[in-house]
Amino acid sequence: MVDGLVRRLRSMVAGNGAAKLTPKQLEEWRRQLAECAEAKGGEVSARTRAAALAQTYLELEDDGRHAFLRLISLEFGPAPARVAAAHEAYQRAVGTERQWDAETGLRAALRSARIRILTQFNAIPQGVKFLVDLRADLLRYLDEDHELAPLDRELGSRLGAWFDVGFLELQRITWSSPALLLEKLIEYEAVHEIRSWADLKNRLDSDRRLYAFFHPRMPMEPLIFVEVALTDHLAGSVQALLDEHAPVFDSRRADTAIFYSISNTQAGLRGVSFGNFLLKRVIDDLQRDFPKLRHFATLSPLPGFSTWAGKNPQALAEVGLELDVVQLAAGEWTTQPAATVRKVNAALAQLAARYLTLAKASRGDGRLPLDPVARFHLGNGARLERVNPLGDASAKGLKQAFGVMVNYLYEVGDLEHNVEMFAGEGTIATSAAVRRLARQ
Amino acid sequence: MVDGLVRRLRSMVAGNGAAKLTPKQLEEWRRQLAECAEAKGGEVSARTRAAALAQTYLELEDDGRHAFLRLISLEFGPAPARVAAAHEAYQRAVGTERQWDAETGLRAALRSARIRILTQFNAIPQGVKFLVDLRADLLRYLDEDHELAPLDRELGSRLGAWFDVGFLELQRITWSSPALLLEKLIEYEAVHEIRSWADLKNRLDSDRRLYAFFHPRMPMEPLIFVEVALTDHLAGSVQALLDEHAPVFDSRRADTAIFYSISNTQAGLRGVSFGNFLLKRVIDDLQRDFPKLRHFATLSPLPGFSTWAGKNPQALAEVGLELDVVQLAAGEWTTQPAATVRKVNAALAQLAARYLTLAKASRGDGRLPLDPVARFHLGNGARLERVNPLGDASAKGLKQAFGVMVNYLYEVGDLEHNVEMFAGEGTIATSAAVRRLARQ
Amino acid sequence: MVDGLVRRLRSMVAGNGAAKLTPKQLEEWRRQLAECAEAKGGEVSARTRAAALAQTYLELEDDGRHAFLRLISLEFGPAPARVAAAHEAYQRAVGTERQWDAETGLRAALRSARIRILTQFNAIPQGVKFLVDLRADLLRYLDEDHELAPLDRELGSRLGAWFDVGFLELQRITWSSPALLLEKLIEYEAVHEIRSWADLKNRLDSDRRLYAFFHPRMPMEPLIFVEVALTDHLAGSVQALLDEHAPVFDSRRADTAIFYSISNTQAGLRGVSFGNFLLKRVIDDLQRDFPKLRHFATLSPLPGFSTWAGKNPQALAEVGLELDVVQLAAGEWTTQPAATVRKVNAALAQLAARYLTLAKASRGDGRLPLDPVARFHLGNGARLERVNPLGDASAKGLKQAFGVMVNYLYEVGDLEHNVEMFAGEGTIATSAAVRRLARQ
Amino acid sequence: MVDGLVRRLRSMVAGNGAAKLTPKQLEEWRRQLAECAEAKGGEVSARTRAAALAQTYLELEDDGRHAFLRLISLEFGPAPARVAAAHEAYQRAVGTERQWDAETGLRAALRSARIRILTQFNAIPQGVKFLVDLRADLLRYLDEDHELAPLDRELGSRLGAWFDVGFLELQRITWSSPALLLEKLIEYEAVHEIRSWADLKNRLDSDRRLYAFFHPRMPMEPLIFVEVALTDHLAGSVQALLDEHAPVFDSRRADTAIFYSISNTQAGLRGVSFGNFLLKRVIDDLQRDFPKLRHFATLSPLPGFSTWAGKNPQALAEVGLELDVVQLAAGEWTTQPAATVRKVNAALAQLAARYLTLAKASRGDGRLPLDPVARFHLGNGARLERVNPLGDASAKGLKQAFGVMVNYLYEVGDLEHNVEMFAGEGTIATSAAVRRLARQ
């Protein structure tokens, strides 16, 4: 097996990265990784050596990094023979008093040197961020190199333990936060681009809140953040919310909080979920600061809508749309006479309601909604409350969802019940209005 | 098997904890734990329920806690049949491209609901401290109830990940630190009791340093701390060091740092080691603050010395000691004429040198020193430098080691080499003086 | 005049401080002070020189300091001739447009080099604390050397500007505060001695609050602090409040806050008052934290009671007391049969009520109460609410006031009115009960 | 006199502010100010009332504020008759032991209610900033209304005491500072405009430092700030320094610190100087961080150069300049052939050297340089080191000084001597090169 590995690594060396990778280099890495894995000379100096290796990694190009990670993934896994022996002992012990030791033994046999090596990288300054970014690399290479999977899973599982929500700090970010941090929001905002420092300042005004989760060892790196508008109605248009010239709303009079943008920032934390906890804790925090708040809702995009519509032209016809997806996405229709626009929007609302409630993802048991944002909010127990045609009239909004946005309502008392219905039966909580729209 | 468990739990219910535990109570816990394990109603509310369960746990007496932990350990482990199937698939795949997925599959089959439940407890305020204390409970019950072992190992392994040294913060503690924190030093000091706030203040004076490791989620809980004296010689007497009336040494003139007390504080972190990293980082910090420092050494106890001597009376005879261990421990001899005292001390020095270099622990491969403090410092790469008769003339010091203390020297350039020799051959680094003493 | 001064300084030099002070030394100080006053070589280096001078001052004994301060007070004042000219110009200008410039001119002529020199001392680290302590010295010497008065007034006035209440920070002190700070509370407590760290911890328990004012440039130096007990009744006994073994009161049920100890800490800030602001802000803070609080009252000593009684033996007779002040202060009577104790206490209550309402201070216009604590609280608008015989049964309490304590009630709505009545007519706000007692 | 005042205030009421100001309003203010001055109802409630009055002030337009300040200035000054009596007593007492009390008495008679009222305004949140801004108002009105002078002098003197350099905190500002604070730098920069957030970030890069003084009660308000470039030569061009695309200099190799921009930010602190202390402390801080730094110099503008040249056309002729000031300021000559530009620059350098060393301010004793920036640095003890033609080639730089900039060198060992020579003889420290230039 190792021979096979070496062959494959060699082909990599001979490939397009040839200029940078040599068999000698690989051999050197192998030696150093083995030293780390054995912690030769003690844990303290092993960490020092691991830090040097991490530094090397940072200076590599993609193919060097890829080869380096392959080495760890393929050569530092558990030994099948040892696993077999431990498993046999375990199965023999089941039902006896020795079962518990045998379970521990099997677990130990499966423990690999990979994770030990990776953990040692944690010793460098910014070590956690280094590992998160290393996993982002892994995930990129994984698409074309499935043999990195075990390393990815082990690292993902360790990051999952480290980024347990119990360790995360909810922080409110304001205009008094460090510029270094605010600059990252501008960079990371994934839903509605922050166009300038003035735009950002507007989003931090007295009728806004911005919250993020932080890990204690990545103090200037938000993990996920949510932007909130305090208002007195269920906001339906993101352009209205982001208008820098709109008057500031007196937040003491607010009864509604609108979550209008949620951005995950760390590609390397894919699969480690904390979005649901974030919303829960933000709602708690807002209720404490604004006792008059009654309603918590999102103003959310439908990222898969236009793609789905493109694949289901009959659905357009069924709601009476005469424009095709290209025309709808181009948005010229929005400048037509009001009656025309109204008619298109009515049809789009109906189409969106069907898309959200009926289109299912192929993965899983076929009961999950196709739309990823719907999956997230419905999975948290929210209710599909209202469809907003031309809720996002930007070019991006038209292209993605013909301008449609949707409100998901977080009714605190219903969340748990909705989660159970959704997880159990696949039932989607919807308002009467959306139900009517979908049925028409 | 579950029947057997229930039987055993029942006997516990019927036992001396009968007044508090009922089968109904067990059933109720089982139901609640299952709900947590399944995360029914979503992760967010599962954590809320887990928090309630953690609260319940805190209010239980020992036998209730014990039964509760048994439930988790025995009923929420992996399913042997599922493990068997995953293992078969894994072994079949070895050497093929499917090996990597199969490895991940086997790992998944071994993942138990236990750790998921425990992790959810992390949601309560002070959740990390809760789990550390829960493991301290576990370790106490483990002595008499070996079936808790798998739970202990899983929790220990998770705590090991959480308390990775990369997450710990080194902090210097001073007289300006919170009283709440200083009070804990008084409580936790395990080597040389802190007798009063005045004693503590003396240990934080300008010729002293006190460092501790902290976890970001246990901010007022030192995990381990070390007390350092800055001086100009290899200090041999702890009473001299702790004398509140001794003049303060001008620390700018110091060339030697004496680590005279190292205390682990959290019973629940047994097996998670960070003492070696602590000393490394304290040495770095001291070198930065006091560029003239040349020597780093401990003044350490020999906790197993008198017990070992009691079991090896011939060793006492060999060095010419006429007193027996009871007499040596009582310490009356220290008030005899100087010549007598000198003679006894010379013999004790020789005896201690032999104990430290020749007495081996029964566990392991028989190459590790019997004395746990020696194991720790030699394992870090320190050198056994000097034996100090009457280095600790307190009643405790006499009882534990007939007053003998020892200096371990941390020679920064030699540490790595010493670790390798010690780990490989079991070779103990010793000064020429100690070598001579042991040979006489 | 300067000749006279030099004569007097010389006699000081020749006096009991002779060993330390020489005319040469005085001449050297004079030269250095003059350099500071002129800011020769620029402000920046003048401050550096002033810092050196301040250091010198710190190393002097009392007679050296006294001579140093005399030098500043007598030789660096305004020039009478210049004042006369400026005054003449001012009076001529009154009523004309030049009046305003002339006023500024007169003010400038009165400005002395003394305050310039003192202000420069502010440049040393801990400069503010240095000046506060320097004024404490001044106040001590002032009793016997009235010529220091102008320096004292100028410094007092400058400190008054610097310690304006607008600059002070109210901080709550807890068991999490630095030990360095808590240690000072033990040192500074002026009313009911803090006997140990355990006693202090008890005063910081969850049913207690301790607040202090701080100046931003004296961060570890409380200026004044108040100790508060949260309870459900008008506490009458200080021993009951300070009992370390008493159960902790559930502070969420509290409706009454008792200020049981107020200590000024800086002798050098005599005449700079902030006690009234402290109580106001503490009441605000407590109302925010404990919305159920309805009553704010003190449990206060009567520091002048026994002295007054000693001078007014007929007052004792009038209330039927058969014991004399020596017997009352010795406190043996408190161990007599209950009926006797009750009788003595009843008489003492009556006597105390008369003392507080009728005994007047000789200074001022004869309308201010003799008792300084009464003057403070009544001047703040509080009401004399209840007299508590044996409210302080300690030896100190018996000696000072035969064990009597008194409650002053801060009824938030009445404070302003009470202040006006007290300031205007000298009217003392009293409860009906105290009025009756005083009249009996 | 008061009649006269009322007449003048009335004319104001009747004037262009008529719509807003009524005699009734004035009467109401007078009553409230009197209440504050008397502290009726106690200090605590007087401050509360003052806060309300301050709030009123903030809501007024300029003429309302002006009238309000006149009221305080004219009606709450000292009483001339009382001053006269106190002065007589003082002069009688001179030379006797009663002199010291009499001096205190005269000072008390001069103390006005004005400052008491203003100090009470300090009670509002941001009270210090309120008073600083109020003085900025005063200074604006003062130009046309000289009767505000006494109020201005009293407030300026109080602010001088409050902003004593001993209270100020030197802070380094970085890209990790709050955006709220950084935004103010953009607003306050008075020398070289900060054009964008990117420009600002460039000025906070690793080869730059930015320091500011803060008052503890104005935490987000820099009082003065200085921008520093770390480099290896005496920088002569501000455009080169501010080039965002220039490579970052490795600051560990720096031997020279260039102060290239110093901005005072608070108009209301005119006359309260701390620029000299700022530079002193920044030099100390830089020396600690960069032990290799040897040279500290400014790159400074000549704000009065072109104005002076406009008034002294013969001076241009003397150095052989054929262009007039309009042409020089327009800057077209900078695009001429290199030889021409070189010739103009040579003449400008000579002209600037003469301007700086020979042109004197009319105020004072005629020995101070006309150029305010030269006055500041030479007054601090710096040396006029080098003249840099086209040091600032921006439109502003050309208009102000035909592009010329100058370096002042802070030679730490010479500062004190230079200050004395400058203050005493008016001697300007100059390098040999500048001396030659001026003489040519």
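The first chain written gets the first letter, and so on, giving A, B, C and D; residue counts start at 1 in each chain.
Keep this in mind: a contact is a pair of C-beta atoms (placed from the backbone, for glycine too) under 8 Å apart; a residue touches a chain by one contact, two chains touch by 3 or more.
Only a predicted model underlies this, so the values are computations on that prediction, with no experimental measurement involved.
Participant: Tell me which chain's centre, taken as the mean of its C-alpha atoms, is farthest from chain D.
Facilitator: So the farthest one, by centre of C-alpha atoms, is B.
Participant: Using the average of all C-alpha atoms in each chain as its centre, how far is it in Å between chain B and chain C?
Facilitator: Between these chains, centre-to-centre, one finds 52 Å.
Participant: Per the centroid of Cα atoms for each chain, what is the distance between chain C and chain D, given in Å?
Facilitator: 39
Participant: Counting in whole Å, what is the centre-to-centre distance of chain B and chain D, each centre being its mean C-alpha position?
Facilitator: It comes to 61 Å between the two C-alpha centres.
Participant: Judged by the touch rule stated earlier, which pairs of chains are there in contact?
Facilitator: Every pair of chains in contact is listed here: A-B, A-D, B-C, C-D.
Participant: With touch defined as at the start, can you tell me which chain D residues reach chain A in the complex?
Facilitator: Its residues touching chain A are 175-183, 197, 201, 220.
Participant: Okay, in this complex, where on chain A does chain B touch?
Facilitator: Result: residues 1, 4, 40-45, 47, 73, 77-78, 80, 83-84, 87, 90-91, 94-95, 97, 99-101, 103-104, 106-107, 110, 119, 122-123, 127-128, 146-147, 149-150, 153-154, 158, 161-162, 164-167, 216-217, 273, 276-277, 280, 379-381, 415-417, 419-420, 423 of chain A touch chain B.
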